[in-house]
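Both of the next two complexes hold chain A, though its partner changes from chain B to chain C.
Our next item is the complex of A and B:
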């Protein structure tokens, strides 16, 4: 129990409330999209109605990739990345690193998209990594992740903004702890039923108290990722590497020093990947080959966490001989405290260390945090219901609260249309904007909050129900075909949309709680 | 899979602790209920009435042990994956249990009377 004078309590309450009021809705957007993005891979898989090849990197890819190395500029053999997109196509990016005219280090090279089974080249693009056209199969997944990471604002401002939102979350959590005098005791008290306003306050306090550890973890790790990329790395480059960003990146990632540049035949990639799989017991999800075609070539395989370990693992091979060189930390070349901390931060933020089980928990924790944010803002409005100038906020709360999930659904609908009709991969963004605009328009035209909420629920329900139908129509993939190909996630997500759609259509909207309501006695 | 199994076991034990903590009904909870449920004076006296020897303190200590013990065991056994799962799942489940305690309590009283049956849980 923290005892504060009345003046200090009011000051902390102001900090708690105003930090939420000023940035609460943006925080809700980041947290909600982050919660959903935990399942980004599965959503990507759903958006393309599954894939024929479940683990493209474990197919015989050497015979497809090796000939391509002869078709690109020799300097692009410095670094080659191989991974798969949600559709199970193999993406091979031959590249090097160059400084752009504005002083940024960028990847530049040739990117191929291949059919993992036949090796047929589906697309070939050349240029700076950021300028290459978006992979249409990843468009929805990419849109969602970018909305979470930088709110689609240009770099580095988007990262600054999400980093600041992480700090706002931290301030709200800590000020909430200070304000809450009987924190431990109240953790075990069910909300009071005597009036709806009191019940709303107790519900907010209860959810906030139980989600405090996760709020703090999420705030710190999220702010770390935002500021480490946008601020931390440039500062390190300036202070420790004399401004040489390339040298800094190579040191942090642990790129091996150039050794023997003699041309040398590359070992069989399939053998390297099979060795990596047999050692870890899981399929590799990423392969990087450095100095392709030279005697000092190295290959690095990446595996998601497995076997109770919370860390993703990397394994290094001599790519000239195929010999296993040992596991490699994600930061640097030797095990270090920094690497351990980075792994821990990654596990805590992404929640993917135990497969779908941990992802599900992280999703629910994220949604609980959304509830805390929205219920806190609702309390602010309830306390100021007599002040006319705050009534716009009640509407904004409903519009953003329901509008964000609805706009994400319209983004998905736009993606499915674009996929079926072969449009540009920018359509998820247009779908999102159209959904948002529709929500704002209906909010402007509706004065009654309860009927506005009812409208949003209807929209959300019907749009969710339309997703499985549109997915099936756009791809022609029925559940029976999906089951045969092992695409269970697509069916599970279809069922989830149906369940949520029915929930929103059936559930009666609650009337907005009020301070002046008579106790329910 | 092992870490998931350990985590599920730890979460189950900790949830028993949480239910027990809710059920031991500390003074504040009693006062809180008295105020919130708008009982008659007769009922209100009933809430505070304790039958037999008051062992709520012992039960609360046992509940706290059940709540925290699994976490300590997981850390001791270096099961960090399972510990993180426990750390993530427990707050959500605890929140939901307490949020719906009013509905859950009578059900628990019917189903598991041996675990929670004293200290006014069924007094009304």
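Our next item is the complex of A and C:
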């Protein structure tokens, strides 16, 4: 219990309340999309109805990739990235790093998209990495992740915005701890039924108390990821590296010093990837080759956490001889506390340290945090029930609370349509905007909040139910085919949409005596 | 926000506006935090890999911001809060200026 004078307590209460009122809905968008994005890989897999090749980097890819190295500008052999998209296609990006006219260091090169089995080139794009066209198979996954990371605002402003929202979450958690006079007692609080205001406050306190540790973890790690790239690196480059950003990035990434530039045949990539798999027991998900075709070439494989370790691992090979050189920290060239800290932050933010189990926990905790945010705003409105100027907020709560998941579903529907018709990868964004516009329009036309919530529930229910149908129609992939190909996640997500759709269609919305009902998250 | 609780005037030579706490908790806190992140990369331990100070500085940034922000919110004496923040600002700005000019290289 933290004792403060009345004046200080009121100031902290102002900070807690107003930070929520001003930025709570934006925070809800970032936290909700982040909770869903924990399963971004699985959603990407679902969006393309699974893949024929479950682990493209363990296929025989050397014979497909090696000939491509002779078809690109020699300077793009400095750095080559290989990974797969949700459809199981192999993406190979031959590139180098250049300083753009505005002083930013960007990747520039040629990106191929290949059929991992046949090696057929499906697409070839050349230019700055950020200007290359989006991979159509990744469009839905990318849309969701970008909405979480930068709210689709241009760099660096989007990152600044989400970073500030991280700080808001942090200060809300700290001020909440200060305000909760009985933090431990509140963990076992039974919400009082005597009045709506008391009940709403108790429900908010109960959920918030349990969510405090997760709020602080998410706020610190989220603010780190947003500000590290957009603000931290440029600022620290000025002081610690005399303004040389390239040198700082090389120090952080641990780029080896240039060595023997003599031309040399590259070792077989399949052998390197097989060695990496045999050492870790898991499939590599990313391969990077530096100085392709030189005697000092190095290959780096990346593996997600496995075997009880919470850290993702990287393994380095001499890419000229294929010899294993040892594990490589993600930060720097040798083990360090900084690297351990970075790994810990990554594991805590992405929640992928124990596979689907930890992801599921992170999803639930993220949704709980959404509830805390919305219930806090609901409490604000209830306390101002007599003030007409605040009643718009009750409607905004419903519109954004239901509108965000509904718009994400319409983005998915647009993606499935676009995929079936071979349209551009921009359609998830259009679908999202159309869904949002529909929510705003119906909110403007409906004065009764009970019927507005009922409408949103119907929309959400039916749109969720349509997803498995549209996915099957757009791809022709029935569950029996998916099972045979090992695409179990697609079936699980189809079932999830059906369950959630039925839940929203069957559950009777509560009667709202005034404009103050907040939506369930 | 409840204006009365946040808009105390700072009297005297500083002559700050009635929104002093807003300015202190908002832009100045952010600016001081950024400067402290920049300077902390100079004095934090580099570690054997030479990267610890860089990671620590970026990880500490939101913590530094939260500590300063809550201090400004809780401090009753706004003159003292102003003095502390401007003290931190000038001290860290001086170090940043010296490092950019190459004084530490």
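As a working rule, the second predicted complex is superposed on the first by the 510 of 521 C-alpha atoms of A that agree within 3 Å, B and C clash if a C-alpha of one lies under 4 Å from a C-alpha of the other, contacts with A are read in each partner's own complex, and residues count from 1 in each chain.
Convention: contacts are C-beta pairs under 8 Å (C-beta built on N, C-alpha and C of every residue); 3 or more make two chains touch, one makes a residue touch a chain.
Because the structure is predicted, anything quoted here is derived from the model rather than measured.
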Next item on the list: Give one word, clash or fit, describing how chain B and chain C relate on chain A after superposing.
Entry: fit
Notebook entry, point to check: Does chain B (first) or chain C (second) touch A:235, or do both, or does neither?
Noted result: second
Checklist line | Which superposed partner A:505 touches (first chain B, second chain C, both, neither) | finding: neither
Next item on the list: Identify which of chain B and chain C touches the larger number of residues of chain A.
Entry: C
Margin query: Contacts for A:396 in the overlay, against chain B (first) and chain C (second): which applies, first, second, both or neither?
Written below: neither
Next item on the list: Determine, under the contact definition given at the top, whether A:185 touches first (chain B), second (chain C), both, or neither.
Entry: first
Notebook entry, point to check: Of the partners chain B and chain C, which touch A:332 in the superposed model: first, second, both, neither?
Noted result: second
Next item on the list: Answer with first, second, both or neither: which of chain B and chain C does A:210 touch in the superposed model?
Entry: first
Item checked: Least C-alpha distance (whole Å) that remains between chain C and chain B when both complexes are overlaid -> 19
Notebook entry, point to check: Can you list the chain B residues touching chain A in their complex?
Noted result: 2-4, 7, 18, 21-22, 26, 28-29, 32, 35-38, 79-82, 84-85, 87-89, 91-92, 94-95, 98-102
Margin query: Which residues of chain A touch chain B once you look at their complex with the stated criterion?
Written below: 182, 185, 187-194, 198, 203, 206-207, 210-211, 213-214, 305, 307-310, 347-348, 351, 353-354, 357-358, 361-362, 364-365, 368, 519, 521
Check: Can you list the residues on chain A that touch chain C in the complex?
Finding: 4-5, 7-8, 10-12, 14-15, 18, 166-167, 170-171, 174-175, 219-220, 223-224, 227-228, 231-233, 235-236, 238-240, 242-243, 248, 251-252, 254, 329, 331-339, 341-342, 345
Notebook entry, point to check: Which of the residues in chain C come into contact with chain A in the complex?
Noted result: 1-2, 5-6, 34, 37-39, 41-42, 47-59, 61-63, 65-66, 69-70, 73-74, 76, 95-96, 99-100, 102, 105
